[in-house]
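Each in structure tokens, the structures are laid out below.
What follows is chain A paired twice: with chain B in the first complex and chain C in the second.
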Partner chain A sequence: MNVMRRSVLRSMGAGSALAAMLVTGLIRPIQAFAADWSKAAFEAKTVPDGMKAIGASGAAESKDVVITAPAIAENGAVVPISVVSNIPNTNSISIFVDKNPMPLAGSFEFANGALPDVAVRLKFSDTSVVRAVVMAGGKAYTSHKEVKVTAGGCGG
Partner chain B sequence: MHRREFLQILAAAAAAGFALDSPSLLAAQDDGRLYDVPKFGKVHFLHFTDCHAQLLPIYFREPDTNLGIGGAKGRAPHLVGEHLLKSFGIAPGTREAHAFSCLNFEAASRAYGRVGGFAHLATLVKRLRASRPGSLLLDGGDTWQGSATALWTQGQDMVDATKLLGVDMMSPHWEFTLGAERVKELVEKDMAGKIEFLAQNVKTSDFGDQVFKPYALREMNGVQVAVIGQAFPYTPIANPRWMMPDWTFGIQEEELQKIVDEVRSKGAQVVVLLSHNGMDVDLKLASQVRGMDAIMGGHTHDGVPVPVPVANAGGKTLVINSGSNGKFLSVLDFDVKDGKVSDFRYKLLPIFSNLLPADAAMATYIAKARAPFEAKLGEKLAVSEGLLYRRGNFNGSWDQLILDALMEVKGADIGFSPGFRWGTSLLPGQDITMEDLMTQTAITYPQSTLTEMKGSQIKAILEDVGDNLFNPDPYLQQGGDMVRVGGMSYTCAPEAVVGDRIRDMRLHGKPLEADKTYKVAGWAPVAQGATGQPIWEVVATWLKAKKTVSTRRVNQPALVGMEGNPGKV
Partner chain C sequence: MASSMRVRALLKGDVTAITAIVSHPMETGMRKDGGKVIPAHFIQVLTVDVDGKRVVTSHLNTAVSSNPVFNFKVKGAKVGDKAVVSWVDNLGEKGSGEAVVAAG
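On to the complex of A and B.
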């Protein structure tokens, strides 16, 4: 196990790792620099409205947008989701949780050839489809996966 | 067979109303050959699973209801009773029919005696190993939970028993309910150098590092073999997450494929997954992952007499499930030619304690391990007039007894008892001892609870558990049975979608109201910080007051769309 790596990150304090990445400019949440239109996207109550707000209406289904998510969430409050885009010239990845009151959970832009690969932990209010939307070369691509959220107990 | 045993069987059979020339008696005379399993090939695996800490021989009734939904309908393991016998060519009325089915359970149990027991299992393991040098003994897990002594020694009695038995490798599930620290302690101290604790799908939740060894490589009679471990993927969901807070699980199909590829590249010619997925999950996993020769599995407690071959992009994988409670031992032999498996033989052997003499060393160990607890274990609580069993999709008479006690003591309208698949059986007229009660309830989160719930919440709970059992996608199932329900009647439509499976919920004949509040008693809360008297204290008090427990009326839901389903007798 990487005890060293873990203790180094612990010493930085919770949240510092992400902050460090933001400072280096590897990933830039849209919210941080483009408040005008991202507000509408993040406050949209439905997936179609959110997709429209980021300019991704009518996104094409693509297997090059790869979502890794558990079939059943171990904890609905922090579901680990990762998205990789294998589409050339990917500019952004946005992630929606369909059944959440405000479905757009995060949006990331990639500059200077940064690898379009993000991992987040999202809160799910209920069993829901998680949807990734990639913008690349002015076009929108998408894929989705269902994550089951269950009360638990009663197993085997 | 000894003459005395034969005469006992004759007497029992006559009492049960068998004709004296019935097939059961004819078969009984052939018992000596039951354990003659000729060695085949060079690579040998012995496998037992889900023994649930049953060191002594027990009775265990197989389910009368194990419904297959969607693609699983009418296929192993969703076959019970006569459907199972017919499908696997087992003659009714025989010892094997008794081992694999619930048919004629009481009379057959009296005729053939108790099953399992580590001393009898040890004798069979030694016999098979004598003809199979180099063979590996695999334990599929759920070994450290299920008995009073396992709970009171925090798994120590079972770790010592499995070391003595000669287990080489194991994979876990209920083990984790002893808490992460205790698991680490047993694995790193007691088992080091003796038993490999394998779990490719348990990782730290921060960086995804392996917590345990994912696999073990061995050379067996000149052949490289690999055993990969798979823990129960939904442990933090089905059991309290706070007991293993820093670890994450899941099926991890892609990671498993990488590991299979890795062990193959290291020279493994035979690859076996030692799995605690449950058989339905294993059947799907075998269709998705290439390069495994067999999955030796457990969790769902299915005693399946033959392996199910599953085709995938890399060839075929045999899927095996070896029952529960120490009742069965699997023997899987492979022959290897040109660096790969060329053929196999398989047998799932029932452990009949009166056909296999007790191994002296194991019997001595068990007696010693139990000695400090004998008085407590043997305390007689009541006599049962009826057959007590647990296993089945919806309810069992043992669970009904627990529900009846719980609702009466707590003054509840409705009772919930978890759909566990462990827990042994008692025959009519047997004493119920403290040990028997603990065999149904011995867990590390035994609190009993009384909660006010709205009708809509009750419906939501039943729907949630129902979907964990009947979702047609095995990856969305958790391998437990339906929550047992007391006091309230309902209808279940297993093939419906979540939200529509549970219908017509009624209390004393009146429909439940969504906004009305009901008193619901339960036990085994998965949330941290629950308080309440341990369930065994609640039930023990009730039993002692009753002295004699009449046959329970087992509350079963009405079923929709299950006519002719071979998962039902």
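On to the complex of A and C.
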């Protein structure tokens, strides 16, 4: 399933084609993504590529995706980020750090009573927007926030 | 390589806060040591089970900090339930830790 999905994604140019396939249920990125660690998503070098790989292209901006992050981080190696989704039926929260070499930092799926509420500490290579993407009821929602980093987290 | 971790599960009201702290280098594969690249070594999957049921599945990248700390929240757990946090990294190393849900 995963292999097929990737070749489908590769061979596809237009986002509209992807959307059409999602609607018709030809591909189910959420389930495929849940199955294992997605190399395509995590090794994507840009936010749009990463969003596409998790099936979240064209995510709608939403105030119900709440990011808590410091405005200024002195140490880019340990930036506390928390994300809460107030959108009903949230299945997962993914977090992107736009300027990182691989923007997708992590993806969290919730089941059996877990609340869509997660806090982690992330590395920021530089001052960057941090972006949360929520998948809920088959739709994607997003919000973002800027974190100014005074010392990067990927140096020696 | 042995890796230790700490798990805490505290019930307040009807929400259990689960905290996991893992000792792990979370190497990005982009750092150099004397001109030599330090290979990537990072947790890829971290799961949380409460009372035998999977509540959180995390897929992670190198951007997660070294010795990472995770906080999750779960509804419906009871004092005495077992919370188990397990992980596997890109080199196939595994670890897990557990805590009994306590009244917070």
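Here, the second predicted complex is superposed on the first by the 112 of 156 C-alpha atoms of A that agree within 3 Å, B and C clash if a C-alpha of one lies under 4 Å from a C-alpha of the other, contacts with A are read in each partner's own complex, and residues count from 1 in each chain.
In the analysis below, a residue touches a chain if its C-beta (ideal position, glycine included) is under 8 Å from a C-beta of that chain, and two chains touch if they have at least 3 such contacts.
Since we're looking at a predicted model, the values are computed, not measured.
Enquirer: Contacts for A:38 in the overlay, against chain B (first) and chain C (second): which applies, first, second, both or neither?
Expert: In the superposition, A:38 touches chain C alone.
Enquirer: In the superposed arrangement, does A:122 touch chain B (first), chain C (second), both or neither?
Expert: A:122 sits against chain C, while chain B stays out of touch.
Enquirer: Report the partner of chain A that touches more of its residues: chain B or chain C.
Expert: C
Enquirer: Given the touch rule stated above, what does A:72 touch, chain B (first), chain C (second), both, or neither?
Expert: The first partner, chain B, only.
Enquirer: Quick one: is A:113 in contact with chain B, with chain C, with both, or with neither? Answer first, second, both or neither.
Expert: Only chain C; A:113 stays clear of chain B.
Enquirer: Looking at chain A, which of its residues have contacts with both chain B and chain C?
Expert: Of chain A, residues 153-156 contact chain B in one complex and chain C in the other.
Enquirer: Given the complex with chain B, which residues does chain A contribute to the contact?
Expert: Those in contact with chain B are residues 1-2, 5-6, 70-75, 80, 127, 148, 150-156.
Enquirer: What part of chain C is in contact with chain A in the complex they form?
Expert: 15, 28, 30-33, 44-45, 48, 50, 53-66, 68-77
Enquirer: Using the touch definition up top, name the residues of chain A that touch chain C in the complex.
Expert: 33-34, 36-38, 41-42, 77-79, 82, 97, 100-102, 104-115, 117-123, 153-156
Enquirer: Considering only the defined contacts, which chain B positions touch chain A in the complex?
Expert: 142, 173-174, 204, 206-207, 209-210, 232, 234-239, 241, 248-251, 278, 299-301, 418-422, 460-461, 464-465, 467-468, 473, 475-476, 478-481, 483, 498, 524-526
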